[in-house]
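In what follows, structures are represented as structure tokens.
After this come two complexes, each holding subunit A, first together with subunit B and then together with subunit C.
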Partner chain A sequence: MQSFFRFLYELIGTPQPPADTPVYRQIVFPNIGLLNLGISLALVLIFYYVINKAMGVATFNKLRHWTLFLVLNALIAFIVVVWQAKAQQVTDHSYIYWLATLNAVYGLLFYFLFSVILRKGSTNASTTPF
Partner chain B sequence: MQRSPFSQLLPGLLAVALLLPGCYSRDDLKSDAGNTKAAETIEAAAGKAPAASPEAEPSATTAATGPLKQVNVFLEVSGSMEGFMPKTGADAQNTRFQQHVAQFLSDVNRSASVQRKTFYRIKDKPYRDSYQQLETTVREGIREPASSTSIPAILDTLVSHYYQPNAVSVLISDFIYAPRNAGAVPYIKTDITDALNAAGRSDLAVSVYGHTSDFKGAFYPAMKTAAKRINRCCDTDIPYYVWVIGPADAVRRFDAALLKKAPGEQAHFGVKYSAPPSSLLNKFQNQGAWYYGEKDASKRAAGATYHTVAVSEVSAQQPVEFVLGMNLQALPTLYQDLGHLKANLQLTGQDTDAKIVNVFGATDQTRASSGPEAQYTHFVKIRVTKMGKAARPLQVILQDKRPMWITQWTTKNDSNINQVGAKTFALSSLIDGVAAVTTDEQNQAPIFQVPLTLQPAD
Partner chain C sequence: MAKLFLFGIGGTGSRVIRSLTMLLAAGVELPNCDRVVPIIIDPDAHNGDMNRTVALLQSYQQIYKKLGPREEGFFKTDISTLSGISQDVNGSVKDTFIFDFGGINQSFRQYLSYDGLSVDSKGLVDLLFTQDNLESPLTIGFRGSPNVGSIVLNKLVESPEIRFFADNFQEGDRVFFVSSIFGGTGAAGFPLMLKNLKDTNTRLSNARYLRDAPTGAVTVMPYFALQSEDNSVIDSNSFLTKTKAALSYYEHNLQGLNALYYLADTPDTPYENQPGGTQQRNKAHLIELLAALSIVDFMKYSAAELRTGGPHFHEYGLATDAPEVQFNHLPDESRELMAKHLTQLLYFTRYHRQFLATDKAPYHDNLKLDYALRNEPIFRELQNILHSPEFGVDEWLKELGQNRRAFRPFDLATDDFNAMIAGKPVEKKWTDFFNKGINHNYFLDSLNKTEKTIAEPDNFKKLIELFYDVTDKAFEEKVKVV
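Here is the complex of A and B:
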């Protein structure tokens, strides 16, 4: 698990400053990775199964609605990193924002993948985004 | 059967519920550590309760940290010491020796670190004195000076008759040892070695404190080539010494309790010290791509110490610099002295060019810091530009090197002491004699060593 997230997040280089490397690898990366997966999945479920199935809302199934959730997910992914960095008391460094940006990109990716997998089960949005 | 929308969502919600608690947080780690600690103490208490009564516990610890059983203070009162303790005249002037030794005797007498204090004058043999009698001798001068006392004979007596576990002997003297004739000078070292070795004490340790004082009286040089005595001496200061002799552990504790703030110079022989608390500091003057290599470094537990450097990138252009913090408070002031440390701290490693680039003491800034550097009194900065392909040991060692002052305070001929200055005849030979007994010359143990590991980052 740790090595998977380490691979994922060290694509943009090793943590900075280097002294915080153990904290990033063993705490921050797994935390933000798991939260990102969990929140992406939750938003996909809310979009396809709560709004567009259980609640039966018929007017929230367009591409722009799906995109709204996509962007929301990316924003949350960004904020989660900044919050985790504060919570784990790592040294302030521009690296935190690079990591947050990377996490937002992964948020987009996860949201898209979950959408592709789960959209078929939705009543009103089974063809969103395509 | 019609399933409710909720039951269809259930698997997804479950998945989220499973993922979220998987997140690590420092609070979890902290409370985990707290729980295990609490559990340990409960276990420990449960294990101890039937075995030992509450009173039995402190007595076990006092053996190692409690007061010393006894100290014997010996003051040499031969004629050569008269100049340090001149009889008080109308001018009521006293020497620095009088001020210092009177204060020292008072400190010993008052100290709670030693249970029993006995005081002796040394003439041809030790004579028991009360504290008041000896203090009076120091302040008002020697009444009946002994003709001469031989240093080896005194040392022999101290190690043969006054040597006990958990007790020390303190000898205050000018340590001017005049061999019978010039031909015996080369044997000074041997005489001292034989005297200290007479009783075959295996854990013998000696701490030597060197002081200088003004001197008002007749000076008896060891080399009598010019004159047997120099009357109305001296224009120069004359050195005198406080030797603490006893088992290594007792000497260490006596030094720490009573001679911690001793002015003047010092040297220690055969005294063993426990390794000082130390840790690498990853956010204090660090440079380059390295981090703590310990597996649990991310926990950042309170009070944790680190000794592994994991280097992810190093080259001549991108050197790695790290600082080792050490708390040397428990060591004698000699080993806290930056000059001594700079000269004698060594770094040994394999496949690396790691070297010490700076040794510095705590400043107000480091002491006031909220970081771990606040706990340390001394810092060693190490620079690396190349290293091995695998983990290699790296050691910071304080070698047991004799301090410079011993050579500087030594003279081969004291017959003209006013020109020679504040030096003692054959001091380094006396010290050679001490060192031969207390240290294994084949295999010299360092004062302390801090083992580190230098490894490539994984």
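Here is the complex of A and C:
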């Protein structure tokens, strides 16, 4: 799993400063990757199955509502990286923000993929986003 | 396949058929019959009431043809033209709901060939008919003169339509007459038609089936008045006198009838006095709806019940005498028969008007409604039958509420589904935060859920079934009883 997340997050280059590379590869990348996947899945489940099925809300199923959750997911993914960097006490560097941006992009991607896979089971949003 | 041949005679006949069509559109069950064949008998070819009833029937027919037979639902009962009941039409009968008088473009004097009559015959005619009767053009009907109507309508039995009707009459079929007793066409036409169909010496085919057929009628006695006008040929002050005269005739001369329903009301606001033509277009009235219910009631009896101890006479009384009748003013039987169905139809009509075109929801996408509502003719027909300002459901419900006595079971001014049934708002408990009763969200959720359970490939059929199920659920879950 470490190598999988290392592959994902090193697409923008190796961590900076180089001295912190082991911390990123062994702790930060798996943490932010798993959190990103977990939070994306949770938001998709909340949108499709909690709001648009269990709660019986049928007017929160438009593309704009789905997009709101998508952006929220990306924002959380960005914040998670900043929080993890501080929690693991890595050196403050602009790399952290590039990594956060990349994680946000992955957040968008995960949210979209989970939506495509899970939307059919929803009552009121089974045709959202398309 | 048992048929009900429904003769709607005169303006009242047309208006009652209009109400019956609305009940059938709402899904009211008509037992013991697979098909209704309305035959409107009115020589006034431009009568406004008749023409919009015909437009409604045509629209209903289009929709039924698309939907086909089903166990239950909106537009459940087949309505057919007379020529539509058989493949073997041979061109003699037009594909229409109206009896073809062939355009009687003459006065009653010309119709009788008065000028060619012998002196004795002229004397008899002068005794039976006024000068005004003789000069009256038949193009606008008989203008409240049954003595004129009885002459003209007696020829109906020789028409291709009645022969075609008899040729296709089968065992198990029934006949029902709708007429008023205080006018011209209905008062004359009903006993004549009955006499001719039940005549033991008739030359019509299937005479035995016709004679034995369960036969009912609703006779509408005065329920409206007309504004008094010096020059008008119809004077509503004579309605009661004419009713008494006709009743005394009916007392001894209605042979072969199994059930007779009487309806009447005390007139309040007088209608505009229009003897006929396009201007004769009266607002729908509760009496007409009750007359339509008498047809449903008649169909509930088995043939054996109708033949035993008859004729059966029925009258109708409201549970409570109210100037604005709501569901709780109706007797239990009537309320149970139509309250739920009419509420379902209202919910469907309202949702169709307010939300259907703009909904963004899975049911909408799966039914491809964006395209269908704009391009498919059957969806436009549905739009017509629900919202046409001439003959649509909206207009019918509105008119019922505007008449006196008014039938106002719904608050048509509100957009709140919870408040639509007058005097019976949907209860929302303050402890149940998420229970908002019946609203757009409730319907959407229900539509989306139910749509997945209906395995119907045709999107129009599916839409109608879907809305019937959803409005049925809304009534059962939220309204429960009225």
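As a working rule, the second predicted complex is superposed on the first by the 130 of 130 C-alpha atoms of A that agree within 3 Å, B and C clash if a C-alpha of one lies under 4 Å from a C-alpha of the other, contacts with A are read in each partner's own complex, and residues count from 1 in each chain.
Going forward, contacts are C-beta pairs under 8 Å (C-beta built on N, C-alpha and C of every residue); 3 or more make two chains touch, one makes a residue touch a chain.
Predicted, not measured: the structure shown is a model, and the values here were computed from it.
Student: State whether subunit B and subunit C clash or fit side by side on subunit A once the two structures are superposed.
Tutor: Subunit B/subunit C on subunit A - fit side by side.
Student: Check whether subunit B or subunit C contacts more residues of subunit A in the superposed model.
Tutor: The partner that reaches more residues of subunit A in the superposed model: B.
Student: What is the value, to the nearest 10 degrees, of the angle subtended at the Cα centroid of subunit A by the Cα centroids of subunit B and subunit C?
Tutor: An angle of 170 degrees, rounded.
Student: State whether A:13 touches subunit B only (first), subunit C only (second), both chains, or neither.
Tutor: neither
Student: Considering only the touch criterion stated at the top, classify A:41 as touching first (subunit B), second (subunit C), both, or neither.
Tutor: Touch partner of A:41: subunit B, not subunit C.
Student: Answer with first, second, both or neither: which of subunit B and subunit C does A:31 touch in the superposed model?
Tutor: A:31: touches subunit B, not subunit C.
Student: Could you grab the smallest C-alpha gap between subunit B and subunit C in the overlay, to the nearest Å?
Tutor: The answer for the closest subunit B-subunit C C-alpha pair is 13 Å.
Student: Check subunit A for residues that touch subunit B in one structure and subunit C in the other, and list them.
Tutor: Comparing the two interfaces on subunit A, one with subunit B and one with subunit C, no residues are shared.
Student: Using the touch rule from the top, collect the residues of subunit A that touch subunit B in their complex.
Tutor: Subunit A reaches subunit B through residues 14, 17-23, 25-27, 30-31, 34-35, 37-38, 41-42, 45, 49-50, 53-54, 87-89, 91, 118, 121.
Student: Taking the complex as given, what residues does subunit B use to touch subunit A?
Tutor: Against subunit A, subunit B makes touches at 5-6, 8-9, 12-13, 15-16, 19-20, 22-26, 282-283, 286, 288-292, 294, 297-298, 300, 310, 312, 457.
Student: Quick check on the complex: what are the subunit A residues that touch subunit C?
Tutor: Within the complex, subunit A contacts subunit C at residues 55-59, 61-62, 123-127.
Student: With touch defined as at the start, can you tell me which subunit C residues reach subunit A in the complex?
Tutor: 360-362, 365-366, 434, 440-442, 444-445, 448-449, 452
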